[in-house]
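Got a structure here, written out as structure tokens. Questions coming.
Here the chain labels run A, B and C in written order, and each chain numbers its own residues starting at 1.
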Amino acid sequence: MSDARSEILGAVRDAIAKSHGSAAGGPTDIHADARSRLADHAANLIPARGRLGRKARVDLFIREAERVNATVARVSSTSGVPREVARFLAKNNLPMSLKIAPETSEDTIPWTEQTLLKVEEGRADGTEHASVSHAFAGVAETGTLVVLSGPGNPTTLNFLPPTHICVVAAPEIAGDYEEVWSRLRSEKAGEETGGGFMPRTVNWITGPSRTADIEQTLLLGAHGPQRLHIVIVDE
Amino acid sequence: MSETPARQPSIGLFATCLVDLTRPSVGFAAAKLLEDAGCKVSVPGQQSCCGQPAYNSGDAADARAIAQTVIRVFEGFDYVVAPSGSCAGMIRHHYPALFENDAKWLARARALADKTHELTSFLVDVMKVDGLEADYDGVVTYHDSCSGLREMGVRDQPRALLGQVSGVALKEGEEREACCGFGGLFCVKYPDISGRMVDAKVDDILATGADTLLAGDLGCLMNIAGRLQRRGSDVRVRHVAEVLANMTDGPSLGEPGDESKK
Amino acid sequence: MKSTAANFEDNAEKALADDKLKAALSKLSEGFPAKRREAADRLPEFESLRDQARDIKSHVLANLDFYLEQFEARVVESGGTVHWCRTAAEARTTILRICRNAGAKTVTKSKSMIGEEIAINEHLEHHGVEPVETDLGEYIIQLRHEPPSHIIAPAIHLSKEQVADTFRKSHPHLAPERALEEPRALLEEARSELRQKFLAADVGLTGANMLIAETGSIALVTNEGNADLTYSLPKTHIAIASLEKIVPTLEDATTILRVLARSATGQDMSVYNTFCTGPKRAQDLDGPEDFHIVLLDNGRSKMLGGEFHDMLRCIRCGACLNHCPVYKSIGGHAYGWVYSGPMGAVLIPNLIGLDEAGHLPNASTLCGKCEDVCPMRIPLPRMLRSWRTQQFEAGKTAPLSRSLLRAWAFVTARPWLYRIMVAPAVSALAALGRKGGRFRRLPLAGGWTKHRDLPAPEGGTFVSRWNRGERPGEKKP
């Protein structure tokens, strides 16, 4: 297929050269702008909406998440997470069993304190009722969770179980997506994962799954979770 | 108008072929509005059509020939004004596009484009008309024609002028900015699609409960009037200039003529 | 798929006579445009973001070769493979080969317009691989063997009764007594049927809303989460995308995402925006082991730098369909191929030729609403007109229209002739119509009078009457 590659690139180059042809002289590197655009990865216009102090930012995150049918609870520390999760499951008459991301295991969250909760670590396989994963960040602008894949946070947990519970730390709720990209670049730079700073999957999740494909009727829980419960840890 | 401008701007009134051929009253109304606003109005006899049917049908060569005629005839005036957003938009936006590769004509096309205006926006934006003396007893609804709205920015101006006419109540339709389905030759090439579109427009007009439909483009008005009447509606249809100029004695579009007046 | 664009008039006729379609389209036109307006009003920066989004794609197109190579290099670094394909046939062959190498029996698919464009489903089926569409709307139309009628709401033309009917015919295990009256029940039925398919699939085939040169990532946008189950469960992930889907950086992708959902469905953000980079990493518990990107030209490089260059900015949001009065009258199938609405009328002739799709650029009033709402500010009316010019210059405008047009142009370019010839005809018509005020029928005006009366001319022409000194006064008090 290298044939196809050179032919396509050749056709693209010819077309571009033709439209540059009218410019007198012709710069030595016609892609100089593009090179610096990649190197700088500068932010474009960022809406003012998310540019708020910490308290207002978290409040906006909650409002926006609720607007798109997520439910939100706040706990003061990770030790409060199990109780909140148990409360949420009970309130919705859901079985007290969870598949959790290794990142949210007993080392960080004291699940065993809730003796009624049956907790198992790992990826989802389609048999679970509910899952817990950990969000790298929240985005106040639209109430969006940013969830990264990795050994400690399998992607399937976000999509297969009908109820998805996601834990995010309040200080990690950013105003806008651009802040999160910057954080990702600086925190994950130099990781030997093969994708540079990018994990295999970055999921922006804004509310639970939905469809309006049948007569434009909005229904939650199309293929992904019908419920998205966000637990914000304030500490 | 009580005050006389320092210098009367000279206006070449581009009547448009539809007004010229089918509804001269709109031309007389436009001329009266312009004169009342303090303009010196001329109606060059060498005018016909703006060339839009040819242009929109892909016949660029004929469109250019027509455009050259219009440019020659009208370039001497201070302003060119048309009682149509569509024909004014043709001159303003598409004449320069027609002469992209002809520097001499491009300059002339641009010069004409820069001084070409749709009637109501010219009256409001350029002549700052305020205090029209007209009355019309009716509930009117206004259709925003596509080219006027999206090419010429005509939306508030006709409404501002209607606000000066005593007795007028304006009831806006939800879909006032939706295309009526005229589209020049579109309505005869694809009559059934056009028919569905004008039906939607008529539904929207009827939903307002207005007794009169006004707009600034005769193409849309003939289309909508024709459909209203085919559906047996007695909503009257007029070009907005007729109401603004207080010239509403004659029959509305498609209404039987009153023999005594002819 | 086989085009029926040449039969546009018949297609449109059928569509106009279909009352179910009419009801569905009226729902569409109440929904999406109002929601878009609301979302735009909620974001004061929306118009400026549109400008930036347009500029990003214009910049990409001016540097497309550079960004394509950068993208490829990053994909390879992250362990993925890029397959360059000139034509739909090459893309089909490539995808089938990857599926065979993976020993695939079933392929789950998340909705991809490029997949439709290259008719991948038929190809896979023909060669013994079962493709399963997973977007709910796309799944329904796959069962019905129909093309999508809208690029983001493929089953928009169907009523819930029609969907229920389709499931009863196609789901062998569906008990006859099971109630399927409500959309919720239909969704549950499809969900449980597809759940098994997701878990059993050997290959997941997705499109890509964007290809990010900086990182070699693809961006996937859905509301259902079906794309996420499509790429994360099978061993192999294939993403198919055309060349112009490239954007430079994550920040640029972000700007485009800010206008995409708002323009499409009126959401601030789609529920799931996903960035996939390479295959799963060594320690990951899930994710595909192989990651392939099929990069398709299929006519794009020919559009570059030409009259339809700006069309390559399109991000397939569907806003031009949602707001088009012609689309709202006839729906998507009448256009006769996989795309529809104003973007389809511009794009389809580029992809299958003007001879086949000649009607499409003509079936528009050039009302300008599409350009008004296009997040990428693509001058769609100008390009529709460009196609008409090409047709006219190639002598392919319908002969009758052509001769009438040329006659009118000949006369109007010569105002003296226009005065001599047209004025008397109009006077005659005026005299004929004065009594009734309008005509219900008139020779040679059948197109007009089929659905509407023709207001009779008043009499005389304005220009002559004015220049004879006539000055009618105001109305009598």
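Note that a residue touches a chain if its C-beta (ideal position, glycine included) is under 8 Å from a C-beta of that chain, and two chains touch if they have at least 3 such contacts.
Here the structure is a predicted model, which is why all the values come from computation and not from measurement.
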{"item": "Most centrally placed chain, judged by C-alpha centres", "value": "C"}
{"item": "Farthest chain (mean CA position) relative to chain C", "value": "B"}
{"item": "Chain centre separation in whole Å, for chain C relative to chain B (CA means)", "value": "33"}
{"item": "Gap in Å, rounded to a whole number, between the CA centres of chain C and chain A", "value": "29"}
{"item": "CA centroid of chain A to CA centroid of chain B, Å", "value": "53"}
{"item": "Interfacial residue positions of chain C with respect to chain A in the complex", "value": "24, 27-28, 31, 43-45, 48-49, 52, 56, 59, 62-70, 74, 77-79, 83-86, 90, 94, 134-137, 140, 153-156, 158-160, 163, 183-184, 186-187, 191, 194-195, 198-199, 213-217, 223-226, 228-229, 231-233, 243, 248-252, 254-255, 257-258, 265, 267-281, 283-287, 295, 297, 301-302, 304-306"}
{"item": "Complex contact set, residues of chain C against chain B", "value": "9, 12-13, 16, 325-326, 328-330, 362-369, 371-372, 382, 385, 387-393, 397-398, 401, 405-406, 408-416, 418-419, 422-423, 426, 434-438, 440, 445-467, 470-472, 474-476"}
{"item": "Chain A residues touching chain C - in the complex, by the definition given at the top", "value": "1, 4-5, 7-9, 11-13, 15-16, 18-19, 30-31, 33-35, 37-38, 41-45, 47-49, 64, 68, 102, 122-126, 141-142, 144, 149-151, 154-156, 158-160, 177-178, 181, 193-217, 219, 221-225"}
{"item": "Complex contact set, residues of chain B against chain C", "value": "15, 17, 19-28, 31-32, 43-49, 51, 53-60, 62-63, 65-66, 68-69, 73, 97, 134, 146-147, 150-151, 177-179, 181-200, 222-223, 225-227, 229-230, 237, 245-251, 253-257, 259, 262"}
